[in-house]
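In this document, chain identifiers A, B, C and D correspond to the written order of the chains, with residue numbering beginning at 1 in each.
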Amino acid sequence: MKEKLTEELIAMRAARELVPGDCCNLGIGIPLNCAAYMSEGVLVQSENGVLGYGPVYDRESLDENVERVDWNVVDAGMRYLEHVPGMSFFDMLTSFVMIRSGRLFSILGGLQVSEKGDAAIHSMSEVDIASKIGGSMDLAWGAKRLIVTMTHCSKDGDPKIVRELTMPVTTRKRVDLIVTDLAVIEVTGSGLALKEFAPGWTPEEVQQQTGATLTIANDVREIEF
Amino acid sequence: MKEKLTEELIAMRAARELVPGDCCNLGIGIPLNCAAYMSEGVLVQSENGVLGYGPVYDRESLDENVERVDWNVVDAGMRYLEHVPGMSFFDMLTSFVMIRSGRLFSILGGLQVSEKGDAAIHSMSEVDIASKIGGSMDLAWGAKRLIVTMTHCSKDGDPKIVRELTMPVTTRKRVDLIVTDLAVIEVTGSGLALKEFAPGWTPEEVQQQTGATLTIANDVREIEF
Amino acid sequence: MRDKICTAVEALSEVKDGALVAFNFWGPGTPLHLMKALSESGVKDLTVCTNNYTLRANELREQGAIDAAILLPQTRKIIVAFSGIQAEDASASGEITRRVQEGTLEIENVSHGILIERLHAAAMCLGGIYSPIGIGTGLEEGKEKRIINGVEYIFQEPITPDLGLVSATKADRLGNLVYHGTERAANPIIAMAAKYTVAEVFEIVEPGELDPDAIVTPAAFVDRIVLIPSDDAYSKEKRIEQTLRSIKYRLQKMAEAEAAQGGNA
Amino acid sequence: MRDKICTAVEALSEVKDGALVAFNFWGPGTPLHLMKALSESGVKDLTVCTNNYTLRANELREQGAIDAAILLPQTRKIIVAFSGIQAEDASASGEITRRVQEGTLEIENVSHGILIERLHAAAMCLGGIYSPIGIGTGLEEGKEKRIINGVEYIFQEPITPDLGLVSATKADRLGNLVYHGTERAANPIIAMAAKYTVAEVFEIVEPGELDPDAIVTPAAFVDRIVLIPSDDAYSKEKRIEQTLRSIKYRLQKMAEAEAAQGGNA
């Protein structure tokens, strides 16, 4: 039976889009795993007001490190951060200027992406009254390059790459690249271009699991790790 | 011959409007003199980004103090400031939030004030092409209380307090108090109220030098020093 | 000199029914001491504006952890960018659902950026702004739109808090504030946007002890300073204890969920 | 790692004709080294956006003092809040008058607050804002106005600099900047608003040497860092000398004016 990529491998592949000197915000879910695979010199940002953070304390070991942890330093997902040289703290106004103005790559999780580059990223809260928009709309709109990482299909096997979104829209026409457990797909002005596929899979099999038409790039190839 | 108040005395009278804890911006000209007469505990602001400054270096003695002067600390009028406890530096965005949002008293110089509380504060540049608006419009609009200090009449003897402005308008309906070398006049919803007059003058004499009708306050009195 | 230093009760004594109150809720930098005091103040019909409205589990709340729902009985409207309202272990969740359905509670969803730009628009005394965020999404419903230089924008009104509750590391007696780490977040913007700003701090020092280049919120923006008592339920130490409890609780829940899944497989 | 550190010539090599360039001009915090380099770069048709356009006297200019008019031959438009253009001792003044009259130079007058809010609107990627400043004054001419909640506002478009020239005390190698004193002024806002930001600094340190709480402009906003050479005409020492000369000159002029008045009396 063919294996799909693990979340770790999706994150590893997405992280490779960045080079030292780039600044980047990582959304909740798969994107958070990218931090471990980033080239040294990529500055990671979090919307509550920090740029250039490095390792994150392991939640399991936090109480063993009570003396060492700086309890005033968390990322947007409330993970405690170690101090690293070159880190800076700032207010949310500065943070959202940074986020909107095309200076950051955004790697975000996705619920659905359309062939036009629309994306459903935020979910509604458990009781479906209040939303979990958070920073996702700003991050998606303002990114230098918007990379969505997600499983290719939902748990029920429905394609998450579709012609038209059926879920609440987070952003319109902003997705640049989709990295899934089956493929790397570029969103172009003329639709979706399959650039890479997971080891052991074929472009045709990827198309079968996709709810929109893929054009096969001339240089399509297997994802390499 | 009757004396008019000196610029120093105008400044002294205007400074008395403030109590410790108040924050205040002082415009160029007569208002700058107010600093010397402020109660301790009044925080003086300058629009380039400083709050809570105290003594200003005497220009004549700057080169004797080259070692002591902090060349990075000036007010809007490019006067070098001594460091005092509680001073803070900030950017112009923060400065203009402070200026606009009713947290500061503004004491500004005036070219003309109308009976409606309009004021001409900024002049045009020497060549009459570019303006000297600076921070005056923001300071006038956003002041907790706008106090205009000026000579009662121009050098040519024309009244500077008038029915309608004839000079370029800096602000409309914002002046609260006018302190001149002849009088202290409140701008009310129903016109100008003479509150105090210079020692040796009478309300009638002040009216003669004024281009708009003054109502004489019930408690009108001589300015006391 | 007018003394800005007082207790939370004194600082909040003049807050009126119907006030719009804003605070930062994002781990460090959350004004828990003032939120608690506000919940006990008796004011009602509040509009609560916060970046995050995340409910704590009942078990943690019983141990002293609080969240914005401590104000829920006094709240008629919530303006929020991110809500974490978990039905299964936070009973306030049911109350929110019920009250929204019966029409006694309104929720306005925004993004973090929209929340901040609207607060900042208030600070600058603007009448409104054209924001690019939310075009083509549910957030544009009922809003005025306008195309400027070929780009579509949504008109956003400023949010002017009547009361800003702010959390900072230190204040001097004049009201200058410094923040450490990510506690800064929305605090400086709330201090500038609010008509009346109360800051809770862990330490008060004399003027001159704070580096004038490092002061983030200048004294002009702070109306009252409240020192958190060392034996307070929201002292520095107590907050760390609550954080550790909350992390353990979350890990335990995750372990339980995994075990349950394993059982089903 | 991409190195952001380079010379002024390298940093400005890709600036295009017609660019909108913004810089702070307010004593300390003025990017004199970069302004000089830009004046020698050959780019033309610039729009120059600065808080103050104050001309230095010829005598001081001859001794090395510069002002925004060093860019005048390359400038087609000036956006400015405060102009000090003294006809009698600054010959650039005559040039400005002549060029405005012949139509080869345009001047747009704003207030300091309007300049800053328009730069900040650009930083936030807004389409425009409704500002309360200038209602009933000459600044409302030709502008769209709107009444919101009973208050009248003027529509202001963002100002987006193609090039931001910034002056700071120190940078680290990543581009994080710290400012000292009132040199801060408009610099952090220009850094955020510009599409391409070049910072001149007096010192470059290693990452980790700047306090993360005290960094004002985070590295993401800085594209190039230029260290001012110690033998530069705009080194720290040379600036102090120029300042002292300028103050002496002003005092001397005032004394002369008083003597002349005395003679007339």
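Everything below uses one rule, namely that a contact is a pair of C-beta atoms (placed from the backbone, for glycine too) under 8 Å apart; a residue touches a chain by one contact, two chains touch by 3 or more.
Note that this is a predicted model, so its numbers are computed, not measured.
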Quiz prompt | Third chains touching both chain D and chain A | solution = C
Quiz item: Out of A-C and B-C, which chain pair has the most contact pairs?
Solution: A-C
Self-check item: Centre-of-Cα separation between chain D and chain B, whole angstrom
Solution: 27
Quiz item: Distance from the CA centroid of chain B to that of chain C, rounded to the nearest Å?
Solution: 39
Quiz item: CA centre of chain A versus CA centre of chain B: separation in Å?
Solution: 55
Exercise. Would you give the residues of chain D that are in contact with at least 2 other chains, written as numbers and ranges?
Key: 117, 124-125, 132, 179-181, 212-213
Quiz item: Of all the residues in chain B, which ones touch at least 2 other chains?
Solution: 89-90, 96, 100
Exercise. Work through the pairs of chains, note which ones touch, and then classify the graph as line, ring, star, complete or other.
Key: other
Exercise. Give the pairs of chains that touch; include all such pairs.
Key: A-C, A-D, B-C, B-D, C-D
Quiz item: Any idea which chain A residues touch chain C in the complex?
Solution: 46-50, 59-60, 62-63, 66, 70-76, 78, 89-93, 96, 99-100, 118, 125-127, 129-138, 141, 168-173
Practice problem: Enumerate the contact residues on chain D facing chain C in the complex. | Solution: 117, 121, 124-132, 146, 148-149, 151, 153, 157, 178-181, 211-214
Practice problem: Report the residues of chain B in contact with chain C in the complex, numbered from low to high. | Solution: 19-21, 23, 40-41, 43, 45, 51-52, 83-90, 94, 96-98, 100-101, 103-104, 142
Quiz item: Within the complex, which stretch of chain C touches chain A?
Solution: 26-29, 51-53, 78, 80-87, 93, 96-97, 100, 107, 109-114, 116-117, 120, 132-139, 169, 179-189, 216, 236, 239-240, 243-244, 247-248, 250-251
Self-check item: Touch list for chain D against partner chain A, complex
Solution: 1-2, 4, 123-125, 172-174, 176, 192, 206-210, 212-213, 215, 218-221
